[in-house]
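Two complexes are shown next, each including chain A; its partner changes from chain B in the first to chain C in the second.
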Partner chain A sequence: MSTAYQIVVCGSIVPDPLQTLEPVAAPTGPALKNEMMLPAVLDPWAGHALYEAANLAKNQPGSKVWLVSLGPKAKLQQVMMTVAQKVPFELVALDGSASGFTDATETAAALADAIAAIPGLDKSRLLVFGGWESASRGAGATLQMVGERLGIVDQFQGVDQLTVNADGSLEILERIEGGKHQVSKCAGASALLGWATGNLPEPKNNPQVGMVNMRTVMPALQKAKPVKFAGDGLNFTSVALPKQLRETQIVKEKSPDDIAKEIVEWIKK
Partner chain B sequence: METILVLAHTENDGSLAKSAREALHAAAALHKSLAGSKLLVGFVGENIQAAANSIAASPVTKYFGVSGADFTQSRYATDAAAAEAICKAAQATIVVAPATSRWARVLPGVAQRLGGRADTHVTGVAAAGGKISVSRWFYRQRMEGALTRTQRPWFIGIDPGSQTPCECGSGTAAVENVAVQLSDGCKRTTVTGIRAPAADAQTIRPDAQLLFVTGAGWTKKQTDGQAHVPEAGKLILDFLKHARASLGSSKSLVDLGGEGQAVLPFLSHLNQVGQTGATPRHAKGLSTCCHGEEPHTVGWRFIGERRAVNLDPNCGWARGKADVLYVADAFKVMAKVNELLANGKT
Partner chain C sequence: MSDQPAIERLRMDADIVCVGFGPATAGFLTTLSRQLVNADGTPAVESAVMPGMPPQVLCYERADDIGFGVSGIVTRAQALRASFPEIKTAGIPMAAPVGEEKVLYLLDPHGASRRSAALRCADALIRATKFMLPFEHHALNLPWTPSFLHKHDGLILSMGQFMQWVGAQVQSTGAVQIWPGTPVAEALIEERRAPARPFSAQPSQHAEPVLGAPKVIGVRLLDQGVDKKGNPSDGFTPGMDVHAALTVVADGSIGPIGRQLDEVFGMPNGNHTRDWAVGMKFVVDLPADTSLKPGTVLHTFGYPEPEIFGFLYVHPDRVASLGIFVPSWFDSPARTAYRYLQHWMLHPYLWRYLKGGRLRSWGAKTLGESGKHGEPHLTGDGYARIGEGSGTTNVLTGSGVDEAWATGTQLAEAVLELLKAKKPFTRQNLDETYVKRRRASWVEAEGRVAEKSRDGFQKGVATGMIGMALAGLTNGKFSLGSAPVQLWKRIPTVEDYFAGKISPEEIAKIRAECKTKNVSLHGALMDKAGWPAIPFDGQLLVSHQDALLMGGKVQAPHGYADHVVFLHPELCEKCGARICIEACSGQAIYPGENGVPAFDREKCVHCGACLWNCSQADPENPERMNIAFRAGTGGLHSAEN
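Let's look at the complex of A and B:
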């Protein structure tokens, strides 16, 4: 039995992880120094979710992928130039802050409203994907709230594998403690999956896919709904870089035997 | 006046995990510093009485429980229903829970149901002047922030390993049973099992004293111009066996495996530490053949004592990050370390 899924991936942008990040105090709360100047990328976990969604859609004829992305419009446009070349999707853009200091509840409300407004949404075929973490807030909370707002109570986090069984049920592997996976069987859509890394490599850029995607990406960006976060009730009392810098003892002259002896003594101490 | 509720789920054997005791310790400290507050505990599991009894001598004034076969499984729908019912019964304003995979999956959703807020990965909870603040890391352990909230209930997920577990004495606890009506819709998902590597292939050990971090240098060409991947794999596995260490890996090394290259076959993304991986907590850490600056080094942000072996004296993993850097060939050093550990000599 093949189901044509409607797969909605929630994924935002984050500063390139290789950039140096420094917090600053802004009138609205903490922010990153030169935040709008920092190069951005699609959040790594959201990326895994998107690639898994595309792979599922490819294997389930009739399925379609949407990427619901919340971020400053100009930044989204930059990032989409690359992401759009990876896999086929339709963008739903929201123009607002992608800061790591925004509140998960407010973000979830904006995302859930955007998903609910997708024309022709059929909850009996709906799979909501996203990253279980992010490289910004790493809230690990937003997706669950999105799911609750959409009335989805079959939720999974830290997902590394999704298999659609012949009877339409879903087998899902979630990360649990100690390097293990919990295996669950879900009757079918609707369901929400927060992905860990999955098993798929990042797809190579495909200019043809990019050209098809960009036909919908640019209009989606142009009509991106503005989103303002009030941050009511939330007050940051401090945000700072960790200060501790260790005095590293450099040992250059010792033989491997002496070093090994020292390491073993240290381990056993 | 705050009502602090600790939510805990029982383990398969009915006991309480260390992470639950850590959450209780944090909540008890909060309770002590908030005049007039109440401290309650709610349990979810198949059988909860033994868990309640194990902390009966704690300052908790009331125990709630949702139990039965439907609550054995770590499943969103039933866990959310149970947690929601307990929070309502307790009229909790602050909910403290260990951020285990089971609670992390469900508690933000419960906060949503109850019109509250949720903060996860919390590493510290404090109260001053009647105001509660929590500290957590942002941008993947790159910066630390402290925040307060006015909304209630406020769900606080405590990162396991970040607190001291409570040493509560045992006794007999009176648990108030909270009834939960489950619809068929709550049982669409069934947990069918746990998939774990074979015992001798398990390289992730959260309770280990030592984290052993391996970098991509293990797979590079060595001084003879050849790569020695099988030898590297044996050295690493032998060390894990002798030292009972947990294995972490840099992203670059894990990704090589995902790209189908002949690398260390026992590594998976589960081993990955750093910006896009885990930030485990261990007393000691030993990194070998790792390179790179921030953000890669955040992988051992929460490691106590740190040492590194690397041929590069300016290795970003070590300078300013480790206590000791040995500038040496890790193949030679680890071979000797394994020999000493195997013989029980130093």
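Let's look at the complex of A and C:
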């Protein structure tokens, strides 16, 4: 039995992880210094979710993938230039902050409203995907609330694998303590899956996919709905980067065991 | 015939495909995208591959994002303002109107630089009369500089931020698509004779020559999922063929497509690309109490070596772009931009501004500095060339971005004219539209003045400076010196270069020690020659390796072939200089087995220094050296440069 799923991936942008980040106090609350000047990438957790969604859609004929993305429009446009070459999807863009210094409840409400407004949405075929610990949203709280607002009761977090059984039921591997997986089953859509890393590599760039995606990406960006967060009751007492101690070595020929031993010794110091 | 099976490649059709998203392509796409669609949304001109739609225009950029790997500049912004009349108030991050401009002659406070007798005399005279001169902190502020060096009413820009801003403008029209992280491996050429060397993984050296006029019919994208040598590996995805009626080649001075076309079509008689410079820069957070005002422009010469030029531009919010250019005529076989950059920053005149500053970003790039000398065939059937790789850089005024942008807009106007007239992109039609516009423009007029202005540097720094002034003040009627010769013909040995400072025996000892440590020579040689140690402070004065990680954020995605290839390893084995190792901006080239340098793709910043800094001529082409710099992805991840 094959189901044509409607797979909605919630995924936003984060600063390119290679950048040096510095929290600063802005008039509207905490922010990252020069955030609009830093290059951005698709949140890596959401990226795994997107690639898993595309893979599922490929294997389930008739399925379709939407990417619902909340972020500053200019930055979303920039990131789409890279992401749109990876897998086919239709973008639903929301123009607002992706800083992470926003109330997860408000973010979830905006995302859920955008999903509910997708024309032709059929909840009996709906799978909502996202990053389990999305870097700018934190610990899956947002995704869980998105599901609750959409009335999705079957929710799974820390997902590494999804299998669609012959009877249409879903078998899901969720990460648990000790490097193990919990195997869960549910009857089928609707369901929400917060992905861990999954098992798929990042897809290669495909110019044909990019060209097709761009026909919907640009119009979606042009009509991106502005999202303003009230931030009522939200207060950040302090924001700081973890303290870092940096020592650089370039080593090419060392075994993983030796590297591990050296790191342990270094930490002990 | 090759016994390797042909690789099946997907094909895609577009109307126009651009190679590289630098300022030239940005100018091209800015102008083009505004005129492809009417105000009511209907196509102003129609696509040949998608009838009823506007032309399908694609641009492929090799870097991981647009605005990575380009440099900070000061520009008159003549062409930029023509495209964006409100550019000064457009809110481009890090942009500042040009304010105070100074040209400084830096004297050597350590006595370690290699100065000619004439310069030593000049230095002594300046020091003796310094109480009468605008002299402070071992630097002479030139009281007068010719107008062609000035950038009055211009802009200081971070090219990274400017390119991101332009990219957003262009993309938001919806009329063109820009795809970063997608290198172009080669131009597709129809009805050609076989080139001297294959450019793709598919061997073509045995292909039968095909007679007929060569025509560029599009591009082939780089193979993904291959090993270091380009052999298919996990997830092999052959690069797609993108066919287009017009290929716009704008991949800069080291771009593989421009260089491929140079090999296939040759250079116009007498033209060459023998002049270049390695530019290396920092973006720095200046100390909180800095006295430097936004818009300040400092240009320096004389130190750390007389041949090395420096610059410092001040952006808003206490941020400065600063760096040096190590030019082709600095004939040191141990040239290293990184260590020289640190000595330059530590010069007393500059260090008083920089002490307490912090590194934000770092990058390097080579610049084609042959100007008009380096102009290739600008057009052919199915292709046109714009920007730095087409010889636009003005070496007299020290300007390149504005000129590159201008040629992009000229080509866009020509393309629109041809599209509206439904004329094909033949060489003749492109000559009558694009080249005609270019020849009639200020880019050409100023390029002619600058054409021989730097030839004097072949005879020495003093001659070079006089030659520049002479050419500039006489509108190019007079100049000094002669056309440069190839690097491999003139570069001295390490022993000859350091004669009088380091004995051959000491050099032999240094060679042996460096070989044991598997490191380059320049550090030990400079120490021995009297250069003081760099007092690392962990925030501005950092190791080269840390500059890559903290400033450049360098990385390379998995699954691509090495783009730096040593063509004839046997030449490397007997090479005594190995300048490629000394000059590598990212320490990506290092001593390898049997004397053949090794290459680490993950550290390459794609500056192209190795391409120029090789002392061994390619036996098949004396204008080329023994290193091929092919299409590759990765590199810098900083958008502030």
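Convention: the second predicted complex is superposed on the first by the 239 of 269 C-alpha atoms of A that agree within 3 Å, B and C clash if a C-alpha of one lies under 4 Å from a C-alpha of the other, contacts with A are read in each partner's own complex, and residues count from 1 in each chain.
The rule is short, and it goes like this: a contact is a pair of C-beta atoms (placed from the backbone, for glycine too) under 8 Å apart; a residue touches a chain by one contact, two chains touch by 3 or more.
Computed from a predicted model, the values in this text were never measured in an experiment.
A.B. asks: Contact-wise, after the overlay, does A:L234 reach chain B, chain C, both or neither (first, second, both, neither)?
C.D. replies: first
A.B. asks: After the superposition on A, what does A:Q222 contact: first (chain B), second (chain C), both or neither?
C.D. replies: The answer is second: A:Q222 touches chain C but not chain B.
A.B. asks: Once the structures are superposed on A, label A:V153 by its partner contacts, choosing first (chain B), second (chain C), both or neither.
C.D. replies: first
A.B. asks: Figure out whether A:P201 sits in contact with chain B (first) or chain C (second), or with both, or with neither.
C.D. replies: Touch status of A:P201: both partners.
A.B. asks: Looking at A:A116 after the superposition, I want to know if it touches chain B, chain C, both of them or none. Which is it: first, second, both, neither?
C.D. replies: Neither partner.
A.B. asks: According to the stated criteria, A:V24 is in contact with first (chain B), second (chain C), both, or neither; which is it?
C.D. replies: neither
A.B. asks: Determine, under the contact definition given at the top, whether A:G210 touches first (chain B), second (chain C), both, or neither.
C.D. replies: A:G210: touches chain C, not chain B.
A.B. asks: With both structures placed on chain A, which of the two partners, chain B or chain C, ends up touching more residues of chain A?
C.D. replies: Of the two chains, more chain A residues are contacted by B.
A.B. asks: With both complexes overlaid on chain A, does A:P39 touch chain B (first), chain C (second), both or neither?
C.D. replies: Only chain C is touched by A:P39; chain B is not.
A.B. asks: Find the residues of chain A that appear in the contact set with chain B and again in the contact set with chain C.
C.D. replies: Chain A residues touching both partners: 18, 20, 201, 246, 248, 250, 252.
A.B. asks: Per the contact definition, I'd like the list of chain A residues that touch chain B in the complex.
C.D. replies: Result: residues 14-15, 17-18, 20-21, 23, 30, 32, 44-45, 100-101, 103-105, 108, 135-142, 144-145, 147-149, 153-158, 160, 171, 173-188, 196-197, 199, 201, 232-242, 245-252, 254, 256-257, 259-268 of chain A touch chain B.
A.B. asks: How about chain C: which of its residues touch chain A in the complex?
C.D. replies: 10, 12, 56, 58, 64-68, 93-94, 161, 164, 167-168, 171-172, 174, 177-182, 221, 224-225, 235, 237, 240, 242, 360, 543, 545-546, 549-550, 553, 555, 559, 600, 603, 637-640
A.B. asks: Looking at the complex, which residues from chain B come into contact with chain A?
C.D. replies: Per the touch definition, chain B meets chain A at residues 74-77, 80, 99-102, 104-109, 111-113, 117-121, 133, 137-140, 142-151, 157, 160, 185-186, 188-197, 202-206, 209-210, 243, 255, 258-259, 269-272, 275-276, 284, 286, 294-295, 301, 305-307, 309, 313, 318-329, 332-337, 339-341, 345-346.
A.B. asks: Flag every residue of chain A that touches chain C in the complex, lowest number first.
C.D. replies: Those in contact with chain C are residues 16, 18-20, 34, 36-39, 74, 77-78, 81-82, 85, 201, 204-208, 210-211, 214, 218-219, 221-222, 246, 248, 250, 252.
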